[in-house]
Structure formats: structure tokens, C-alpha cells
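Order as written gives the chain letters A, B, C and D; numbering starts at 1 within each chain.
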Amino acid sequence: MSTLPFLIIIPLLGAFSMPIISLLGEKARSAWAVLVSALTLGVASKVFYDVWSTKQLIVYTLGDTTPLGKGVNFPIRILWEVDLFGALLALVVAFVGFMAIIYSLEYMKHDTGLEKYYTLILVLELGMLGIVITGDMFNFYVFLEIMSIASYALVAFRNDTWEDIEAGIKYMFVGSLASSFILLGIALLYGQYGTLTMSYLAVKIAQNPTLVSKVALGFFIGGLLFKSGAVPVHMWLSDAHPAAPSSISAMLSGLVIKVGGVYALTRIAFSIYATSISIKTVGWIIIFFGCVTLIVGNAMAVIQTDMKRLFAFSSVGQIGYILLGIGIGLTAYGTKIGDIALAGAIYHIVNHALMKTLLFLVAGAVLHQVGTKNLNELSGLAKKMPLTSFAFLIGAAAIVGLPPLNGFASKWLIYESSTLYNPFLAAIAVLGTAFCTAAYVRVLFTFFGRPSEVVENAKEPGKAMIIPMLILILAIIIMGLFPWQISDKIMLPTANMLKDQLHYVVAVIGGA
Amino acid sequence: MKKALGALSLLFILGILLIVAHPDYGLKFGFGGKDWQTYRYTDEYYIEHGIEEVGGTNIVTDIVFDYRGYDTIGEATVLFTAIAGAVALLRRWRDDDE
Amino acid sequence: MSEDMGLIVKTMARATIPLIGIFGTYVISHGHLTPGGGFQGGATIAGAGVLFLIAFGLSEAKKRYGHHVYSALESLGGLVFLGVAMLGMSVAFFYNTLWRKGIVFAGKPGTLLSAGYLPIMNLAVGLKVFAGLVSAMMAIAAYRRWKE
Amino acid sequence: MIPFQFITAFLLVFMGLYAFLYKRNLIKLILALDIIDSGIHLLLISFGYRLEDGTLPTAPIYTGYETLKGTSMVGPIPQALVLTSIVIGVCILALAMALTINAYRHYGSLDINKLRRLRG
């Protein structure tokens, strides 16, 4: 019996039974949330290890032993199709979710409505896990909606402050419009090809690439760029991520924009469309958006005075790097440069999830202990909160890309591939990094400056907030010590597996 | 300027959708006979085999709960989430009296 | 202005609410035979709740509504759904083992006790949708905090 | 000749997008989202329609009185998908209403131009 179904069943069980468990009291509720997310992390590691050690896709059919119907050669049931990319992201999602839940034990202690909070955070994790393992277009839409609705509600969770409500409303309208675009694309694909399974769609589109499939791809790219916060439509991100509670900001910035945006874009582009239409044009579109995002996001980060808003704009900038890597991977499909760029993008997704989670947890600790996130009032924090400041130092150094830490290797892969492909793109990427450095150095000077009045009485937060930060620091440093081993052992096989569309198709419909 | 740009992009989207809807370029309406077998093979499979494989005479329910049952549990989760979210958002504020 | 809607409406509501409930239960329990199913039937029964709220007023409805009861019922529906889906875990998640192996609910297609786990799932989803919609409605109706 | 079913569906999507861009009331924006969704549902449902010679299509439900098994039943998948999609639409509606009520309490208005306190 496969362990894969428990990746969904355990968080689902946890979320559904949360109202009953919370009748037993506050302790039981927190313990249940931690237990469920820890078990999910265990299952995710097992699934990742299985896929990684065998280098085989896991195909799991819901409701039968085989996806194909009786006496026919097309899939009729929903199926899960997990390749290394999906398994890797599932691991990261489970890990960051676990950290965020431990962190919120203390961070959210003074809020009301915590029963709903833990339900929603488990559902958010469930939605992302569902997206990364699914192999069916409509099922992808359903889980995208689960993830989105949970995050709308969590952004506006503190309903007694106007920032949260305003940010929640903006996020909800933009996100629902994007979901509608994606649903329209799925409807068009069904109308033309009569199936919803991703791998069989790939076969059908390769046989008959009509105009409809291209229009549907246009709708997918539009909707998913909305969801990932690329630049012309990044306004919701810079409002929603600072307004949410910090544990949620960490999950939103670290995971949601990647799983719901970039992962889905990559999966659709590589696994469905890669060989059937001229993928080069699509790649250049993504590169264009990536470059604009890179410059604007990082440049906007420099001029912010609100710490969480600075981090949110920095997230926009980092999404630009990832989009750039994926775009080069698409235009140079099948060459060595493309592989390097793709591996760099995947590596950067993982790294950025860890770094940005750490940074938002630091911001939350400061907000919780000092009560403000305005950088002009926070000078001299390092003397009062040395551990938190150290965590910030590590996170900032990693996101800028200093060599001993993990951000260096992934950024280096993206620079290297873009230099080989087109030096102009590399120049843009370096320019973005310069802006990024400026923004973080500014925060650093604030932290180590002369102590101001606001921070006089600040002290370190409690254990439940310190421990997740320490674990994340440890993860960043360990990943920084073995960058090229990780790149060779995990990221390059992931890129190769993602690129291997034939394997993805054959695993479902057999040796066609 | 902004308004004109928005209107233009709206018209562009509508135009593309209408081109797609034209039978010569893309989608067709009302398949029958041989076309039905080539374009709606999955629906045909469900209509043929639904009763023996699942047992319900309502094929839509067979699909909703068996063939695509996983979608339905997702849908139930969406409902659960939205209601939890709505109840959480409509709870009392921290500084409300009573 | 009083909260409820007067004698005529209240009497009519008393008469129709049980009928709506029966019709909703019929839609749920015959979901695998006729048009309808768990979602539609559950929404129908929740409609009876809306009628009660409008006809009798908020304070009367609040007396008969316990938030914990309804959220526990909702999660119970979800748990039953999940549990039934896991019955055939030895083969696959969502494997319709009751019908394929013919244990219970395995009558001739077209009768009430057929189609394996479909009737149980319909009941679970109906319970969940009813409880969920009623609690959402009560949450929206009870939220009146600005000056009117 | 473009089938009028598709034209209707796309016009609904167009109307929804128009309202989404140019209306300023929060409730109207929520309705706009719902109209876009309705258009997509109409499109999906019309994909399932079937035209056979001589017979009218029926709903995909076996009643026991069919003369020939499944001669012309309309496609059941779009109906199942629309069923799921409608519930998702309702959920977004409920959440949007909850947010709107909160916004009205904070701002005393439903005008989206008033909701511009956050600096982009």
C-alpha cells in the first residue's frame, strides 16, 4: 500500500476534526495542530525519498488500480502523478507549514477565534499539497480554490484592523478573477479535447494543436501570473503579505505564490504543452515578465519604510529570478543551458521558501515584542534582541546571495545560464541583485544603529517563536555548506524529470 | 487613458473568444454520431459503463461521487473552509464590549 | 418594527418548514437514482432554516441555534465522508468496495439500497452542507454592530 | 456561423469583466465575479449538448424505460464539473460578503475608491 494518499488524508482529517477536538480545550487544539502537521511532514519526507531514490514517477489512481477504463486506452479517473519536482515541493510545503504552526502557538496567543485559525492553516497546507501531487486539470482548479479561499480568510484574519480587511478584499477580487481565467482555460480545453487528465491532454494536443489550445494556454499564463504576483499585477501582493499575521505572511510569501503560481505554470508549460506548440515564444513572454518583475520588485523594496512591506516587495523581486530561470528553461528547451536554468529556478524556489519564511518570522518576532514594524523607529534592535537580529542577518545574507549560504548557489546557476544564453539578461539579473542588496543593507544598518526609545524595553520572544527560527537558520546553513552536491543530486535530476514529457505521458497511458 | 486601455483589452479578449467559438477555427457545438465518439469519448464511456461499475442510475451522481469523487471531497473542503473563514471574519472584535 | 413577520407568515412557515425538510431529505436519499444529491438536498433543507429566520426573527432563531453543535455536525459530515472514502484503502483511496464486492447497499441498480457507498456519501454531504450553510447564515444575520 | 449558445456565454463573461473594471460598489463587484462564473458554467454545459438524427437528447439518468440503451444522452462530465464549480462560486460569495460587511464597518462605505488607504 502506497503512502501517498496519507499526504492528503492526514491534513484533511486534522482539518475536519478540528471543531470537535477544540471542544476539549485550548491545549488539545494546539497539540492536535502540531501533531497533524508533524505527521504530514513525515509522510512528505517518505514520499520524497521514494521518488528520489527510484527516480520513477508515482502514479496513483483514485478509486481503482488502473487509470484506464475497461477496454479503452484513455484515463477515466482522477489520478495523482508525482514526479521529483512535485515531491520536492510537497516536502518544502510540509516543512514550512510545520514551522509556521509551531511559531503561531506563541505568536497568535492573544487572538480570538483560534479554532478557525488552526483549521484554516491546515486547509491552506492541504490545498498546496493537493496542487503539487495532482495530475488532473479540474482537480488542480479545485485545490487551487481551496488554497486561495483559505489564504483570503487568513489574510483578513485580524478583522479589527482596517489594513487586514482592505488587503483581504483586494487579494480576494484579484485572486477570484485569476481563478475564473483558469477555469475558462480548463473549460476550453475540455470542449476541444474531451478529457481532463494532464498527460492525456498532452497526447491530444500533440496530435492536433488547434487555436483553442493556444488561447487556453494564454488564459492559464494570465491567471497564473496574477497568482504569482508578477509585476503589472503585483499590487495585491504588496498589500496582502504585510497585512496578514506574520506566520501567514511566511506561508504566503514562501509557498503560496510559488505553488499556486510558478509551479502550476511550469507544470502546464512543460508537461502539457512542451512538445506540441512553439514553446520558444512562451518562454520569451515569461522571460519578459521575469525581467520586469525582477527590476521593479527589488527597486521598490529599497524605498519602503515598513519592514514587512519591504520583505513583500523583495518576494516580488525573487519571483522575477524564478520566472527568468523558467523562461530560459523553456526557450532553450532540450539544451544544456536550459537544464541549468531550470535547475537554478527549482533550487531558488526551495531556497527562497526557506529564506523568506525566516525573514517573515523575524519580522513577526519584532512586531510581537516591540509593537511596530516601521524601520525608522526600530534602530538599535540588535542590542536588545541579539538572537532575532542574528536570524535576520543570516536571512538577509542568504537572500542577497553571499557565498557560504544557500542563496548563492541557486542565484549562481541562474546567472550562469543567463550569461550563456543572452548576456543582456544576466546584466538585468545582476542589476536586480544590486537593488536587493541595497534594501537589505539598509535594514541591517537600522538594526545595528543607535538604540531608540521604542526598543528600550524590548526582549527576546518566547521559545515557541525562537525554535522555528533556529531550525530554519540551521537548514539554511547546512544547505549552504553543500551547494553543488545538492544541485547535482537533487536539482538537476528534478529538472531532467520535469523536462521528460514522454515519461510523464507513458507512465499513465502505457507504452503508446 | 487607463479606461480606454481597459476597454481595448476587454474587446480583444471578447474577439479572441468569438474567433475560438467559430466552428471553422475551433470549438463546435452539438456533436452527434461519429463526432461524438471522437470528441466526447469520456462521456460516452461513463454513459456506457456507469451502471455496472458504480451502480447508480443517475450518471451525474456516479461521476460526482465515484469517478471524480476526489473532486467532491475537495469541494466539501472548499465549503468547509469558506464557512470557517466567514464565521471567523464575522466574530467579535477584540475591543467590542459585551 | 418587530423582528418577526406576523401571524399569517408564521403559521404558513410552521406548515411549510416540515415539508421542505421532507423534500430535502428525499432529494438527498434518492441522489443516486434521480436528479439531485447531497449538495442540492442540503441546500434545500438550509432553505428551511432561512425561512425560519425570516419568519420568526433573529432572537427566536438564536434560541434554537448552538454554534458548537452545528460546527460539530459539519465536521461530523466531513469525517463520515472521509471515512467512507477510506473504506477500500487496501485497493485505492475512493475505491467503491461496497458495490464492487457486494457487501451491503448492493441491490439491483435503480433500487434505493444500491450503488455502494453513494447513498452514505450523499447523506454525509447533505448533513455537512445543511449545517455549514445554516452556520454561515446565522453568522451573517447575527452581525449587526454599526449604528443603524 | 457561431452558435448562439457560445455567444451568450462569452457575452456573459464580457459583461462580468466590464462590470469588474468599471463599477465602484463592492456588492456590484461581487456580482460581477458571479456573472463571469455563470458565463463559464453556461459554456461548459453547452459543451455537453448532443445532436443525433431523429432523437432529442435526454438527461443522463436511466429511468428503466429506455428502448435503446444510451442512444442520445447528453454528456454527464460538464454537469458534474458545473456542480462542483457552482459550490465553489457560492463559497467565494459567502467569504466576499463577510469581508464586505467588515469593510463597511471600518470605512462606513461600500465605495472601492474609499478603500485606498494602503499605499502601493
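To be clear about the criterion, a contact is a pair of C-beta atoms (placed from the backbone, for glycine too) under 8 Å apart; a residue touches a chain by one contact, two chains touch by 3 or more.
Since the model is a prediction, treat every value here as computed from it, not as a measurement.
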{"item": "Higher-contact pair (C-beta pairs counted), B-C versus A-B", "value": "A-B"}
{"item": "Chain A and chain B: spacing of chain centres that average the CA atoms, whole Å", "value": "25"}
{"item": "Cα-centroid distance, chain B relative to chain D, in whole angstrom", "value": "9"}
{"item": "Whole-Å separation of chain centres (CA-atom averages), chain A against chain D", "value": "29"}
{"item": "Shared-contact residues (touching 2 or more other chains) in chain C", "value": "34-35, 39, 71, 74-75, 78, 82, 93-94, 96, 109-110, 136, 139-140, 143, 145"}
{"item": "Chain D residues counted as touching two or more neighbouring chains", "value": "13, 47, 61-62, 64, 77, 83-84, 87-88, 91-92, 94-95, 97-99, 101-102"}
{"item": "Residues of chain A touching at least two other chains", "value": "12, 16, 62-63, 138, 142, 145, 149, 152-153, 156, 159, 191, 196"}
{"item": "Topology of the chain contact graph, where touching chains are joined (line, ring, star, complete, other)", "value": "complete"}
{"item": "Residues of chain D touching chain B in the complex", "value": "1-3, 5-7, 10-11, 13-14, 17-18, 21-22, 46-53, 60-64, 70, 73, 75-77, 79-80, 83-84, 87-88, 90-92, 94-95, 97-99, 101-102"}
{"item": "Residue ranges of chain B touching chain C (in the complex, touch as defined)", "value": "51, 54-58, 60-62, 64-66, 69-70, 72-73, 75-77, 79-80, 82-83, 86-87, 90, 96"}
{"item": "For the chain D and chain A complex, residues of the former touching the latter", "value": "13, 20, 26, 29, 33, 36-37, 40, 43-44, 47, 77-78, 81, 84-85, 88, 91-92, 95-96, 99-100, 102-103, 106-107, 115, 117-118, 120"}
{"item": "Of chain B, residues touching chain A in the complex", "value": "16-17, 19-20, 25-27, 39-43, 45-46, 49, 53, 66-71, 73-75, 77-78, 80-82, 84-95"}
{"item": "Chain C to chain A touching residues, read off their complex", "value": "68, 71-72, 74-76, 78-79, 82, 86, 89-96"}
